[in-house]
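Structures given as structure tokens follow.
First subunit A sits with subunit B, and in the next complex the same chain sits with subunit C.
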Partner chain A sequence: MMRLDADWYDFRDLGNTVGSLLEQIRDWGAPDWVPYVVSGLIGVLAILLWTILSVLAFIWIERRVVGLMQNRIGPNRVGPNGLLQPVADALKLLFKEPITTRDADRILFWLAPIVVFVPTIVVFAVIPFGERMVLADLNVGVLFLIAVGSLNTIAIFMAGWSSNNKYALIGAMRTIAMLISYELIQVLVLLAAVLFVGSMRLGDIVAWQADYGVWILFLQPLGVLGYIVAGAVEMNRSPTDIAEAESEIVAGYHTEYGGIKFGFFYQAEYLAGFAIAAVIVTLYMGGWTLWGLEEWVPGWLIFLGKLYGVFFIYIWSRGTLPRLRIDQLMAFAWKFLLPLSLVNVMIVGGEKLLWQEAHRHRRRVLFALSYNNFVRTRRCRRAEPDSRGRVPDPELRRSGRTLHNIIGGFHCCHAGPDLRGCRLSAYSVRDSADADRRPWESRDVLASAGPSAGAARGVYAGIRGDRH
Partner chain B sequence: MTYEEVIFYVIAVPTVVGAIGVVTARNVVHSALFLILSLLSVAGIFILLSAEFLAIVQVLIYGGAVTILVLFAMMLTRVRDLPAALDGPQRPFAALAAGAFMAVSIFSMVSTDWPGETDKINVISIEQIGNDLFTTWAVPFEVASLVLMVALLGAIVLARGEEGE
Partner chain C sequence: MITELFADYIAVLIATILGFLLVAGALFGNRILAPRQPTRTKGVTYECGMLPIGRSRTQVHFRYYLFAILFLIFDIEAVFLFPWSVAFVKIGAQAFWEMVVFILILAFGLLYAWKKGVLSWGKET
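Showing the complex of A and B:
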């Protein structure tokens, strides 16, 4: 695993190259701080370059892929297969006149697109791209992610408020309302991941997953679900892009922005998407490791492959799911995801206890837990009849393309008497009277828990306040 | 001047500028944004002192949560530029109170016997913070949670009462 003494040309980990370079600088007799500053600059430049190239590439990929999904062609005129379209767009944005509306708060209006960039870029400082390819491996890395992620809001508020436009203000308000709600879920979900590993350092979390050969994804499917949804909200992309829902509030907080200032917001949104994907990959999917393959293939390539794969899920959902209304999104956060993530913490606590007790077969216990989770999740997903042979709703099985059903994977099963009325259907396109006729209930969500399910069930019922 | 000092001044200037901005800005939203600047710079000072955990909690709670709530409240109310003179007959009392507070602060700063220079940094791990919080300081911790809980319940009761009327 450790390749600390590798030669500079060992490109499996670009940290080797940088490390050798820094030693060289030190040998030349430079003061202590010079290698420090140089390494920081190299890291920042590399991250900037990578993000810009990735964003340009993914603008094209996204437009083509969504075009395919929606039975149209997508950009195919500029360059081979339209490959140069993002470049053309970027140039166009650069040459457009930067307009500031008369009643805008000039300084804030100008500052907002710059400020929005900072937190999205800074997130990448703690992400390990490879074993030594991390700019700052903080021992409070996970907290750092949450803290920096919440700073986005300030820039969006600045943009929305300074525009002096009611749609912009509504957009900003929606963003803040959403982020307050979904940040809680993020914290709870990440707490569960940290609880299992016992460290907040992202490097440790990756190493833990590599050591035991189990991704946290398999141990905490509910946590991943929560993080994916909360991440989608935070990165402000369809189906959760209500902060800029063009059918309701023009373009939300950046209604008044044009030219390169708008370009900044656009790129920052993409970067936020990459950041969320990077966090998912690092925390839940083993980061730059892949069951030993990282010995042969550069870890950063594995990492980027996983990252683009996760980001593709977001593109996919954008192309297939309709936009939610704000009340649906808020209700979903507070009535479904928040209780679910609390339950997840309980479940993970139980798993952790069980795992700690197993001194000799720790790895096997992990595998067993993963298998249990996988099987139960899959069973719920396919909405199979439960043990008492009740036939599930056929309509649910048919409607395979809505968020309702993806989430429904976790609430389509029937509950026993102990969980009666405990529906997890906070997000439902149907009205509640209709839902009462078909009580899709959630025992299996909790049962996927394994050990502490009983306790979790009680707590969950308590949270929901269901007594009937 | 060592480079630590350079960094300190780079961080200290926005802290002070932000603090002055909070009280001098005419617009409440500008004040709130200055407050964010000041609080985030304080986080920078914490980092300089190798208190990473404290710095990040500062960003999370003050930079993120508290100021966001302030901004949220302001967006729901009508924000206007303040009239030129926000003044009143209480001015001498305010000056007295502020002067007294400053005098006490300066006095305590001067009279404290500071430990002097050190080249050893005590990095406190999160584990230690967690252990201390749940063992040595368990009672204050619980009391603080209780206070927050009461505030939460109070907010819910108030909101519910309004709805019923």
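Showing the complex of A and C:
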């Protein structure tokens, strides 16, 4: 791989800067542990600064973008274009009176925001932001990600239980049922990626993808889809935010939280989103490499670009899709994604065996495998009723539709301003089994929507796999 | 003397401590900056604006526990699979077939739970 031998002030490789500083410290004759601690401190402070700035920026970006998608303006009063709105919100939360209810379990109640927030920072310790820009390249990186990422289950139960509130308890129970179901899928899907690379070190996984020039995204499309859905659930955001479904259980597990404690739950949600996007980028999209471009552009810029791109998918789905019910989500996890990810592990194992055999044409075999896997992933649609209306299993069919609604539900934003209002009817078309018998909801909506509807129909047909 | 093995974990420890300090600092700042006037009504648990009725720690459906047990089984499976995935190259085809059998046994368990209706949330099976 390319190594940038630059001066310490070269911003293309921030790892260099820290490296030369550490050399300096060693030259001064400091004890062994000083460079370790100093590098750790610098890294953690950089990560903290980056996360806080990104969260502040993305709160504004998300609210404006979702506002655009839903035909409204979004925050535009505080500062130019409402840019200072997140700052104002943070200050407001900081100045609010902290209320602890009389019946609450005080210790757990105060501990929960801490336990939910700290792991979201720690997760970033193993993420390689660029060449040599990783805080701790653990040899069990993926396992560490899973272990630390699943700590929020405990924190959420702490919050829900200690609030001594019915809504909070119901919200916490729901969340845990949902989180553990999707955690399994996350683990199995990551396992498949680890299996093919043969290392749990995130740096190795990035290097492998850079060496062969093939992202794991192309090799295991099924795994990526599973991880994207499981990630959406993990970060508790719409369309899978049943943990805090406002219309059902007030605010779920943080009903009793206000002020800065609520702020930490909110921020932890965002950070979990960034962490999941970072994992997707690192494991599936080549991390900070981009087919040689990293020689010219700083790797961390590539990484952040990819990360924000992936995060935008989640903003998009939030602006587009209505909330799913808990039975839909659970059935989707256990009856659709879990069997699929088990099959995925077995198939990837077989492919790995095959690939081991191919000594000379390793890259070509990789491309063949990618093609094969893509075709297979498309076939997963078979869980939906096929063109002749055959349905394997109603439960499976419902689950298959859920996959479509989460992954394929993005087309209406494509279609331009004319279609922005039609989102829900397009959704209900896909949700109703007799979509074809209700043409006024499917094609006529698109047909009457102006010039951009043709493109929309193309996208729509492409997603459905229909031949209109 | 700090060995290379622990060097990485020192960074993780520092991240934990700094994260904790950040939250603790903000909570402390909140304590200093914010007004504090607790009243009796403020301390009441929220329940749609009414006085709360009965205990808050209500019973939950046992289905949650069934899901938890299923989760445990498959999570342990995943724990077994991770070392396998790293050692896969060295052992070769043998490891593959061994694990296929292992996964199939557990998949059979999932099928059993499915047919028993454990995985269904509503009344319909």
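Here are some notes:
Methods note: the second predicted complex is superposed on the first by the 366 of 468 C-alpha atoms of A that agree within 3 Å, B and C clash if a C-alpha of one lies under 4 Å from a C-alpha of the other, contacts with A are read in each partner's own complex, and residues count from 1 in each chain.
Heads up, the rule we're going with is that a residue touches a chain if its C-beta (ideal position, glycine included) is under 8 Å from a C-beta of that chain, and two chains touch if they have at least 3 such contacts.
These numbers were taken from a predicted model, which means no experiment stands behind them.
In the overlay built on the shared chain, the residue A:151 is in contact with subunit B alone; subunit C does not reach it. In the superposed pair of complexes, A:108 makes contact with subunit B only, with no contact to subunit C. Which of subunit B and subunit C touches more residues of subunit A: that partner is C. Shared-chain residue A:310: touches no atom of subunit B or subunit C. By the touch criterion stated above, A:242 is placed in contact with neither subunit B nor subunit C. By the touch criterion stated above, A:117 is placed in contact with subunit C alone, subunit B being left untouched.
After overlaying the two complexes on the shared chain, residue contacts for A:342 are found with subunit C alone; subunit B is out of touch.
Residue contacts after overlaying the shared chain place A:94 against subunit C, while subunit B stays out of touching range. Contacts of subunit A with subunit B, set against its contacts with subunit C after fitting on chain A, overlap at residues 33, 138, 143-144, 161, 169, 173, 176-177, 180, 183, 200. Residues 33, 105, 108, 138-140, 143-144, 146-148, 150-151, 153-154, 157-158, 161, 169, 172-173, 176-177, 179-180, 183, 200 of subunit A are the ones touching subunit B in the complex.
Within the complex formed with subunit A, the subunit B residues making contact are 3, 27, 29-30, 33, 36, 52-53, 56-57, 59-60, 63-65, 67-69, 71-72, 75-76, 125-126.
Only residues 32-33, 36-37, 39-41, 43-45, 47-48, 94-104, 110, 113-114, 117-118, 121-122, 124-125, 135-138, 142-144, 161, 163-167, 169-170, 173, 176-177, 180-181, 183-184, 187-188, 191, 194-195, 198-200, 250, 255-256, 259-261, 263-264, 326-327, 330-331, 334-335, 338-339, 342, 345-346, 349-350, 352-353, 356, 395 of subunit A touch subunit C when the two sit together in their complex.
Put simply, subunit C touches subunit A in their complex at residues 1-2, 7-16, 18-20, 22-24, 26-27, 29-31, 33-38, 42-48, 52, 56-58, 60, 64, 67-68, 70-71, 74-75, 78, 81-82, 85-86, 88-89, 92-93, 96, 99-100, 103, 106-107, 110, 114, 119-122.
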